[in-house]
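Look for chain A in each of the two complexes below; its partner is chain B in the first and chain C in the second.
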Partner chain A sequence: MYRSLFDKEWLKVRWVFLAYIILTISVLVYIASDLRHTFEMKGAIKNWLAITIHHEMYFSSLRYLPMLGGFALAIFQFVPESFDNRFRLSFHLPINEIKLLLYMVILGLGAIIIVDLITIGGFIAVSSSFFPAEIVSASYQTMIPWFMAGLVTYLGIATAVVEPNWYLRIVLGLITYFTASLYTQGTIYMQYNHVLATYAIPILLLTITIIFPGHRLRKGAK
Partner chain B sequence: MSEKIIECNNLTHKYGDYLVYEDLNFTVERGRIFGLLGKNGMGKTTTINIMMGFLRPTSGSINIFGEESHNLSPQTRTRIGLLHEGHLTYDFMTVEKAEKFFSRFYPKWEKKFYYDLMDKMGMNYDHKISNMSCGQRSQVVLGLIMAQDPELMILDDYSMGLDAGYRRLFIDYLKHFVLQRNTTVLITSHIIQDLEKLIDDAIIMGYQEILLQMNIQKFIKSFHQYRFNLQETSLELHKDDHIANFETLDNEYCIYSFKDEEEIVNYINQKGVDINKEDISEVSMTLEDAFIGLTGKY
Partner chain C sequence: MNLKKLSRYAIILVLIISASVFLPRFYHKIVDKSTRSPIIYYSPVIENFAYFQHTGGHTAFKDGEGNNYSRKGYEKLLPFLYYRDLDKWGVLPDTIQGVPTDITSIRHNSQRIRLRAYNLDQPTIDLYPLFESQSDYTNLSYPPELFRINKRIEFVTAHTNKINEKMSRQFTKDLKEKGFEFPAQLIAGNPTTRKPFDEGYFIVDNEGNVFHLKKVQDSPQCVKTPIDNNLNIRKIVISESVRREIYGFMITESDDVYLISYDNYKLIKLPLKNYNPDKMDFSFYADPVYRTIKYDDNYNYHAVVFDSNYTFIDSMKISLTPEEEKLSTKVKQALFPFEIKTMKSFSSLLHFDLKFQSWLSLIGILISLGIGIFVKIKRKENIKENWFDFVLIIGAGIYGLLGVIFIKPDIWD
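After this line comes the complex of A and B, so read on.
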């Protein structure tokens, strides 16, 4: 049963998932070539000062990528279900609708986390060839809230798409946008390290939020 | 006594202030093919949506296999094959992927029914459903429901978007299957002619009311159409115990009634119009004629 659901979700998101991975790798390649260019043109000392004194983030092109990925995955996974009321097909399957929705969300989160891990792995590989471990470590820790923004965007947009009421759908979309934006505001390295646990709370709450519009949709709310 | 598969008790539904119907009652017994008939907008899909728990009724309830419709357990849902209006399916799947997807949910799954139908249509198994015509999609959906081998089939407006050939194919396959398996069926459609040889019992829904609820063969036998001309006098008609419906065009009269010819003649005579049995002709009707006679053309 869950194998079937996995196959269905994969059918919907496979191309956008692959596109997201390709885009991520492209951005990492861009960061690598940009670093090489900067080191050659400006030299190591200027680069060092830019990072340690001016907090320039050589990886800032990754800032909004998780949000974009989360948005695209939520749209590709949930719009085909809500279009034409196709959720009714899923809700008639012999499986509890809450379990069904949570399983869909877990699969989506899993896809995002896989790309996040690819991003971190690739980023560490690229950065390590230019910088000492201290800078590499500070850099990827700075990116953690950006990855969280991707999860928030995915969960919020998925909830908005499942929501049957258009007014609430727009409100949810706006809340998602402003919440996710909070995670991408940092201007200095590791700025949010001390609030990461607090920042995780909305994600945990949003993980189960989808069951409320899902339940209302199941019972025929408009 | 036969087992009651569907029990609809005093069902009333309103959209805001708009009353769809009030106090709808019916039962569907095991092995029966039950038609929920009515013109567009009379509440057929609303009833199906309530039945499948997608809509809460204003009052009343529907029980399916003894469970309340808005609270059907997953186990009970395995016993119900549901065709959604518009032959809704996962159209991002191919013929083969759709079969594989649904097969894992239903313990009695028999893929032979599905692939027989696909082979009959010469359908490639890797054909994507979104690239199919409405008729082809309807067969995919029917094949999936048959493979599920449900005890109850609920088919909401199966005829939507289908040409005559595909409607016939759908009904022929369905009939063969349900008679073989003793499947209970609740079917809605606004194309009545196809259902004449299929359904056992029917409800005919009118505007905010139930016009009729009976065995379909009994309906065809007991419902009559009488035609006559009156040259000089005029006759004022109203719907009542004798007149289920009527049409007039100049001096031509057409009466639809459950009464026999003699009773209609007496009825007209009592209204002060002199008419004999010889002046009236009874016109034989198909189920569709009778349906239109009862519900009206407008």
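After this line comes the complex of A and C, so read on.
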């Protein structure tokens, strides 16, 4: 049963998942070419100092990418189910509705985490050829809350899409927007490092929020 | 409680978290007024404090006795500060207290150093440029490498992103010979080319000893300073000035402030009352006659003045209305039972601090509870089954109310 569900989810998200990976790689290639260009034009030391002294973020083009990816995955995974009552067909499968929704969410989170790992791996590979370990390490630590924003966006938008009532969908969309924006406020390196565990709390809460609109959908709420 | 109910409460809790960050922030954007900070100096003309403060659409210029001045009259009290205006008006005196007041002399004998509280917790990327301190050229230029200190001092060349082994060995050897114990606890310098010359870095080694490291003609010049290694130094601020009186200052874990003098690194302890480095901005200002230290927490503005030998002369404190006493703060406390602060005035970090308001919050909680009961009765909700909604309103006031109203309970199995 889970294997069939996995195949069904894969069919829905494969193109957007692939597009998200391609977009991520494209942004990494852009960062690498931009670094090569500024190193050539301004000299390496000025680029290093702009980071160590002025906290310039050469990877800021990655800031909203996880949010975009989370949003797109949630839309592609849940919109086809939420319209034309298709979810209600799925609810007739011999699997508990809560388990079904959580399984779908776990698959979506898995897809996001795979792209996050590709991003971090690619980013470290690109950065290490231009910068010493201190800058590379400070940079990917700075990006961790952005990945968390991606998880918040995915979970929040998935909840909003499953919700059958448009008015509540908007409320859930707003909650998602404001919550995700908590993770992208940073203006200097490593600003969140000491509070990352606390910022994980809203994400943990969001992992189960999809159950409520799922229940409402099954009950036929409008 | 079943998972479906838990899921609804999870949504409400996320809403409460977001609302408690953004609603108080939004409230501040609507009601905040400038705190109108006073700017205090010490006048060598009247030998008293002189300050100005923006109040009610105009600027008040006053001295320490409360006498009012015009802007021109005020500037005449502070010739070391407004010498260009006084020179333009042709009223710059030749000497003040026997000190010549030509523009070059004033410039060469004035110095400012600032330390903002947020500099204390700012995350650092521990790579530093070591300038050539005795260059053949007037202007300083950035070196081609940055250094780090771990088990040894290492110079990493930016162009190649590789360690310059020769330089790293040479500097490590010199530091060890001077008694430096790796790694470093603190590295402090002034990494800018916008300074008249370079004094290198003050580095606290693993045993608390302070070393002064410079690069002179591409070679290390390291001095083990006589500064006590038990001071628990928290921050050193270096600022090169042609006055060559002090290298800068340092703050210890016990909030003591010491100036580091050019006289064999002799420390000058500043007697500053109620200075809290974590919650106050600090500034040192030297003019040809006085040394003025100022520190403030946005509400209490302190100024302490010393003569050129750092003998205490006078001090002044101006207090503004505390935040808690403002009407807008009281309304906020009644409206919001708590807030989550992600940004703080004196910190460069992001936070997630839950700050409870005062007993005034009870007003907001009771009103929210009343509205909550009314809405639920009107909507004919099953109150018995959703009693926890009221717990949320009692605990989170307006945020809880918004949560339980927007996210209505459903028919549970």
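By our rule, the second predicted complex is superposed on the first by the 222 of 222 C-alpha atoms of A that agree within 3 Å, B and C clash if a C-alpha of one lies under 4 Å from a C-alpha of the other, contacts with A are read in each partner's own complex, and residues count from 1 in each chain.
Methods note: contacts are C-beta pairs under 8 Å (C-beta built on N, C-alpha and C of every residue); 3 or more make two chains touch, one makes a residue touch a chain.
Nothing here was measured: the structure is a model prediction, and the numbers come from that model.
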Side-by-side fit of chain B and chain C on chain A, or clash: fit
Touched partner set for A:Ile135, first chain B, second chain C, both or neither: second
Touching partner for A:Arg86 - first (chain B), second (chain C), both, neither: first
Contacts of A:Val16 with chain B and chain C, given as first, second, both or neither: neither
Touching partner for A:Pro94 - first (chain B), second (chain C), both, neither: first
Contacts of A:Ser4 with chain B and chain C, given as first, second, both or neither: first
Superposed model, angle subtended at chain A by chain C and chain B (C-alpha, nearest 10 degrees): 140
Chain A residues touched by each partner, larger count belonging to chain B or chain C: C
Which of chain B and chain C A:Gly220 touches, first, second, both or neither: first
Which superposed partner A:Ile120 touches (first chain B, second chain C, both, neither): neither
Which of chain B and chain C A:Tyr199 touches, first, second, both or neither: second
First (chain B), second (chain C), both or neither touched by A:Trp48: second
Shortest span in Å between Cα atoms of chain B and of chain C, once chain A is used as the common reference: 8
Shared contact residues on chain A - chain B and chain C: 219
Complex contacts: residues of chain B adjacent to chain A: 49, 52-56, 70, 74-75, 77-78, 80, 82, 84, 86, 88-90, 92-93, 97, 100-106
In the complex with chain C, residue positions of chain A that touch it: 43-49, 51-53, 98, 129-132, 134-135, 138, 156, 159, 168, 171-172, 175, 178-179, 182, 185-186, 188-195, 198-199, 201-202, 205-206, 208-212, 215-216, 219, 221
Touching residues on chain C, where the partner in the complex is chain A: 3-4, 6-8, 10-11, 13-15, 17-18, 21-22, 122-123, 125-129, 142-146, 148, 156, 158-159, 161, 191-192, 342-343, 348-352, 406-407, 410-411
Touch list for chain A against partner chain B, complex: 1, 3-4, 7-8, 11-12, 80, 84-86, 88-89, 91-96, 218-220
